[in-house]
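Two complexes, one shared chain (subunit A), two partners (subunit B, subunit C).
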Partner chain A sequence: MKFEAPHIEYDLLLPILIILAVAVLGVMVEAAVPRAQRYLVQVVLAAGGVVAALIAAIRVFGTINPTSDNPKLGRIVAEGALALDGPTLYSWIVILVLALLGVLLFAERQLDGGVTAFAGQASALPGTEAERQASAKGLEHTEVFPLLMFAVSGMLMFPAATDLLTLFVALEVLSLPLYLLCGLARRRRLLSQEAALKYFMLGAFSSGFFVYGIALVYGYAGSMSYDKIAFAIASGSKSDGLLLAGMGMLAVGLLFKVGAAPFHAWTPDVYQGAPTPVTAFMAAATKVAAFGALLRLFYVAFGGARWDWQPIFWAIAILTMVVGSVLALSQTDVKRLLAYSSIAHAGFLLTGFLGARDLAEIKAGDIDPVQAVLFYLTTYALTTMAAFAIVSLVRDGAGEATQISRWAGLGKESPLVAGSFAFLLLGMAGIPLTSGFTGKWAVFAAALSAGAWPIVIVAVLMSAVAAYFYVRIIVVMFFTDPIGEGPRVTVPSLLTSSVIGIGVAGTLVLGIVPGPLLDLIGRTAQFIR
Partner chain B sequence: MSTEPFVILSAILFTIGCIGVLTRRNALVVFMCVELMLNASNLLLITFSRANGNLEGQIAAFFVMVVAAAEVVVGLAIIMTIFRTRRSASVDDASLLKY
Partner chain C sequence: MNDFPWLSLLLFLPIVGAIVLVLLPASLGTLLPKQLALGTSVATLAVGIAMAANYDTDSSKVYQFAEQHEWIKSFGAHYALGVDGVGLTLVMLTVILAPVVMLASWNDGDQGRWSSKAFFAWMLALQGLAVGVFAATDVFLFYVFFEATLIPIYFLIGGYGGANRARAAVKFLLYSLLGGLVMLASVIGLYVESAKTDAGATYLVGELAQLDFGTATGRWLFLGFFIAFAIKAPMFPVHTWLPDTTAAATPGTSVLLVSVLDKIGTFGMIRFCLELFPEASRWATPAVVVFAVISIIYGALMAIGSDNIPRLIAYTSISHFGFIVLGIFVMNSQGLNGANLYMFNHGLSTAALFLVTGFLISRRGSALISDFGGVEKVAPVLAGFFLVAGLSSLSLPGLSPFVSEFLVIVGAFSYSEVAAAFAVTGIVLAAIYILFMYQRTMTGPTREEVSGFSDLNVREVASLAPVLLLIVVLGFFPKPLLSVINPAVDHTLQQVDKTDPPPSVDPLAPGTSGHSAEGSHE
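Here is the complex of A and B:
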């Protein structure tokens, strides 16, 4: 039997390979470098690796950028496993920027008395002598950096995957490190462990559905690659039952990752219980990766069966927006409130996703749904990351003070921090001159031009409901007197400050001059198959 | 050879796993039920691999096994920590985060 070596485009896959290499190196650093130097080595390694990967991704973006003499928008690489096109590379760049911000947040040591936000020794039981000793010695788990890198590598593969098997492997590579990271909080470890358990159990359950969906679609199309599935749907000679059931089950797995209702139940618990840097990273980057994968799967592979999946996504989009916005009204915890707000945002993103229509129907000047969703993801991710970074600053004796009532009078205690948070909340609410407004406008316009006006009406109504609970926090911060000894705003090091600065600047700049970025995405936002 | 019996068997296995996840309380048993769901998928993949006459499904089954093993590593670590903290592996006991 003749064996043919696969042809891998190593130069184009450099971003993923760099991140994976850094992750593996990080594991070796844990084994080889003395404890005292590990933190510095890991941070430099992780940050340097992400920057290198970012440069590589931008370089690849340049090579696939269509020019007048080369109209091709991208390439299928690694023997048909990954597609490098505009949406993939744009997601890569966003994810890598978020990963860099994530490394900065993970490395923050000034907020909790000279140690990171992660458990000193995860194996020591909470409240025991062993844990006291671990924290007295100032132990830290620097393994969080390699774990973060593994998660990032999965996130890079996820939106690029162009066959179902790669998609599944990417999903798990993305998820497994995040399950662990969720359980590693230094403070409130019971909540953190519970978050990890819930995230893991529900994640494993949803991936069970996902694999079964893969098997059914494979049975229908006779192949796992997206273009063969699209071809099988177009020829339409096979039994539809397999396809419909398979599509539904794949959607369950992806919508779980996205945090869309009715698969949202884990989101508030996990966002609240996980260490805040992990929540910040997860809330932003997972959504980018999962929406990238969702768009590619349903536009490229299942695009021909659009009339079959569209109605159910209409229902899910409406349900997600309503659940997220209405349940957020009654929340008393900032992290939980931001989690429900992220569910509502998933609903708005699905609104843009439903702007899918045939290429022939797209008129010049229309907002393309892919373009709208990618832009919204960018704005949402930057805003959310900065918002969670600010949550980690407001502390009292027991760690972060996440009760909203404890935030009373924060505007007097620290006008700068409270002002930035208020601005980010307004951005999430979609007030004009913030990036949230432009993002919402883009997804609503995309949905409208596809004739999905009932969803847009619900979305506008729910934006109004959502504005109420964002403004409620602003009122608490600026117009309520603190009860007793209020929480303090801890002054962060340059690491967290720069994350907040970048998030606020992004929210402002993309709100005032969104044009260049929208154009950039618009020029490249086409899937190849 | 007809594929139908295998498809039906895998659907039954998947349903048993699914019901188990929803009704059982012990985290370990819940986890075993998830594994049952994954194995039902494996059976289906291999069945369709034979029906379609290509190897993609069989290769995918290997990947699913490897991923399931990785999931066991992570999952058991999480279940172990929560068991050591709470002296219970019941998923109902972990209920501090709610509403």
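Here is the complex of A and C:
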């Protein structure tokens, strides 16, 4: 028997490898570097690693000539495990940019009296002497940076995976560090730990579905790889039961990650309980990675069975938009409200996802669904990241003041911060001249082009409902008188400020001149298999 | 001179002014920002007058001062501006009213939630965006401006109005956003339909008007636009936000809202509903005419029953908007000419009415008619201005609204005598609500609370006088306006494929619909 070494394209996979190397190095830093220097070393290592990976990713993106009129399609690498095509490489760049912003938020120390937003000693029980000691000593968990890097490596693999096993590994690699990070809040630790446990339990449950789905699809197609599955569906001679059940279960796993109803139950609790930097990163980057994976799995592997999965996704998209928008109406906590808003946005993204059409129907220059969804993800991620960053600024003695009613009169005391937040909210509501509008336009146009007009009508009505709760926060901030002992806006360091600045600028620029980016995505938004 | 980007200048001058205003340090006091804002709007008015002087009424081009640049290629969106006669009159209305309103609301921004600097900055921004709405010849650009105007007016209402301002601002915004989002579905539908053609996606009105959408699609798209414009205009039964809003807003804000922004609704009906979806417009005409007539009568009756002056004026506007919509949808040249003229004239008369009653209310601190009485003895100039503004609102011959109302009714008669007969009652009711209001506030024994009233000061007179002057001049000599509007109306009628019925009263004449035939039987 002859053994052949697998052929790995190290140069093309450099972004993932860099991130993984930085994560491993970060673990070693914890062991080798004295406590006092760890923070600085970890931050520099993580930020430097992400920047290096970003440069590498842009270089790889350059190899498919995205600026030419006819870019190359990309290639399958790592023995058929990963597909490096336009959507993958674009998602990589977005995820790495978000990771960089995430590192900046994680590193913020000025908001909470010179320490990060993470627990001083996660193993100390809340309310005990050990916890007080840890906090008195000013302990910090700098492990959050390697954890973040591990999560990022999973997110990079997730949209690129082109066989089910790689997909599952990526899912777990991205999820496990996030479960941990969610439980590490410095303030309100019980809530944070509860969130982590809930996220973990439900995540594990959905992973179970996912693995079962993989097994069933394997039983149907006799292979894990997307192209073989697509081929099996095209030849269409086998029993459909296995395929339908398998697709359904895989969908459950992925829809759980994107936070679509009825698999959304974890979202508000986790978004509320997790440390706000983690929430910000998770809300933005996980959505990008998960939608990337969802698009590839259902367009490439299950594209031939589109008429089988489309009806159920119609129902899920409508349900998600309604649940997200309507339940957000009664929320009293900013983070929970943004969580429900993220559910609603998952619904809008699914609207774009349902714009699937036969390639023959799409003319050159038309808005196609992959382009629309990737563009929406970019706009939404930047806006959300900045919005959560602003949430972390509004504080009182007990930490962040996330009760909406306590934000009363913020517009008078801190017009700049409140104005920025209002602008981001208007962006999420989809008011023109913000990126939220162009993004919405793109996904709705994609769906309407495919004839999905009932979904578009639900989507515009739900956008109007959503506008109400965004406006409600603006009313509280600007049109309500300040309460006496209200929270104050803490002046952040350059780290958080730059995240907010980038998010606001992105929301504005992509709202006014979305053309170049849309064209770039449009030229390269072709899956390969 | 026609290659000069007049419209861009009109659009960006006030917006730049607004940005400069915001950046001014607070240490400069309140007077300088106000002067700067007024100066900017006067400069804009000067540019507007210069542009209007260059307008060629004999030109064969539909849109003049046209500018066109590609904006978002993949959406088919352009930065395309241009005005026909209708657009020109409304752009002029905007730039005329902006300095008037600023002068009249000189001190209104002082007691607001924020500084008066912000008040004037929002006003300038609104002026620029409103010009954009009326000048856009690309549907996407129009939509962007349409929605963007909501933000300044929202903060103007919510930041500077009366007791219920926050609630009113939210109600206004949600109604408008709902309409806007329904329209968004139709706007995207236009993209989908135009993307099917060989030429690819486009949002230019001129190119979209050439497309045939098919009956069903055209009607759905029409409905999306029409609902948004009906909310904006506002028509019965989606009008309830207007009285609440004007009751809470400052008079200046109300003027900009009712005189300028609400015109977007009726302007949009002509520009988009009629010109893009002629078949669907003809299909919807009977229903629209019924709602228009209901608006006329309902608005007038509610006005008679109102004790709150701004609410009363809001209801009169609902009635007047009913006339405008009626004029638009009877689809003949008298009706459309009248409607277009009405938009301009209603803007002037309502502005005068809101501002003069605003001065009245600010003196008494109450907006209730029953709190006044005998004002004409202590403030005769105020009373006189009030009377002229009121008479223009009830369309007294010799004042400009009369011409337009007359034309609309003539147009309505040639469409359907029944509809016209109902619409005419609006004129009678208008006399009741205006004269009753005048009688109860101005005449009779002077009440104790109003005896200390000062008459209008120089600033107040200066702000009102140009408007009233225009009303009188255009009442006797409407020709300049009509000569601008006429070619635009011909173009619209061409688009909807309707020619005027012959002047005889022949119920079976081609072009008159079944309605007038039924009408003549009764």
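The criterion applied here is as follows: the second predicted complex is superposed on the first by the 520 of 529 C-alpha atoms of A that agree within 3 Å, B and C clash if a C-alpha of one lies under 4 Å from a C-alpha of the other, contacts with A are read in each partner's own complex, and residues count from 1 in each chain.
One rule holds for everything that comes next: contacts are C-beta pairs under 8 Å (C-beta built on N, C-alpha and C of every residue); 3 or more make two chains touch, one makes a residue touch a chain.
Remember, predicted model here, so these are calculated numbers, not experimental data.
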*Which superposed partner A:172 touches (first subunit B, second subunit C, both, neither)*: first
**Asked** So, does A:198 touch the first partner subunit B, the second partner subunit C, both, or neither?
**Response** first
Per the contact definition in the header, classify A:139: touching subunit B only (first), subunit C only (second), both, or neither.
neither
Looking at A:58 after the superposition, I want to know if it touches subunit B, subunit C, both of them or none. Which is it: first, second, both, neither? neither
Considering only touches as defined above, state whether A:211 meets subunit B (first), subunit C (second), both or neither. first
*asked:* Taking the superposition on A as described, I'd like to know which of subunit B and subunit C A:27 touches: first, second, both or neither.
replied: neither
Where does A:244 make contact in the superposed view: on subunit B (first), on subunit C (second), on both, or on neither? neither
Overlap of the subunit B and subunit C interfaces on subunit A comprises residues none
Subunit B partner, complex, touching residues on subunit A are 122-123, 125-126, 164-165, 168-169, 172, 176, 179-180, 183, 189-191, 193-198, 200-201, 204-205, 207-209, 211-212, 214-216, 218-219, 222-224, 268-269, 272-273, 330
In their shared complex, subunit C is touched by residues of subunit A numbered 363, 365-367, 371, 412, 426, 429-433, 437-438, 440-442, 444-445, 448-449, 453, 456-457, 460-461, 463-464, 467-468, 471-472, 475, 478-480, 513-515, 518-519, 522
Per the touch rule above, subunit B residues touching subunit A in the complex are 7, 10, 14, 17-18, 21, 27, 30-31, 34, 37-38, 40-41, 44-45, 47-49, 51-52, 54, 56-57, 59-60, 63-64, 67, 70-71, 74-75, 77-79, 81-82, 84-86, 91, 94-99
Within the complex, subunit A is touched by subunit C residues 71-75, 113-114, 143-145, 147-148, 150-151, 155, 158-159, 165-166, 169-170, 173-174, 177-178, 181-182, 184-185, 188-189, 191-192, 195, 200-201
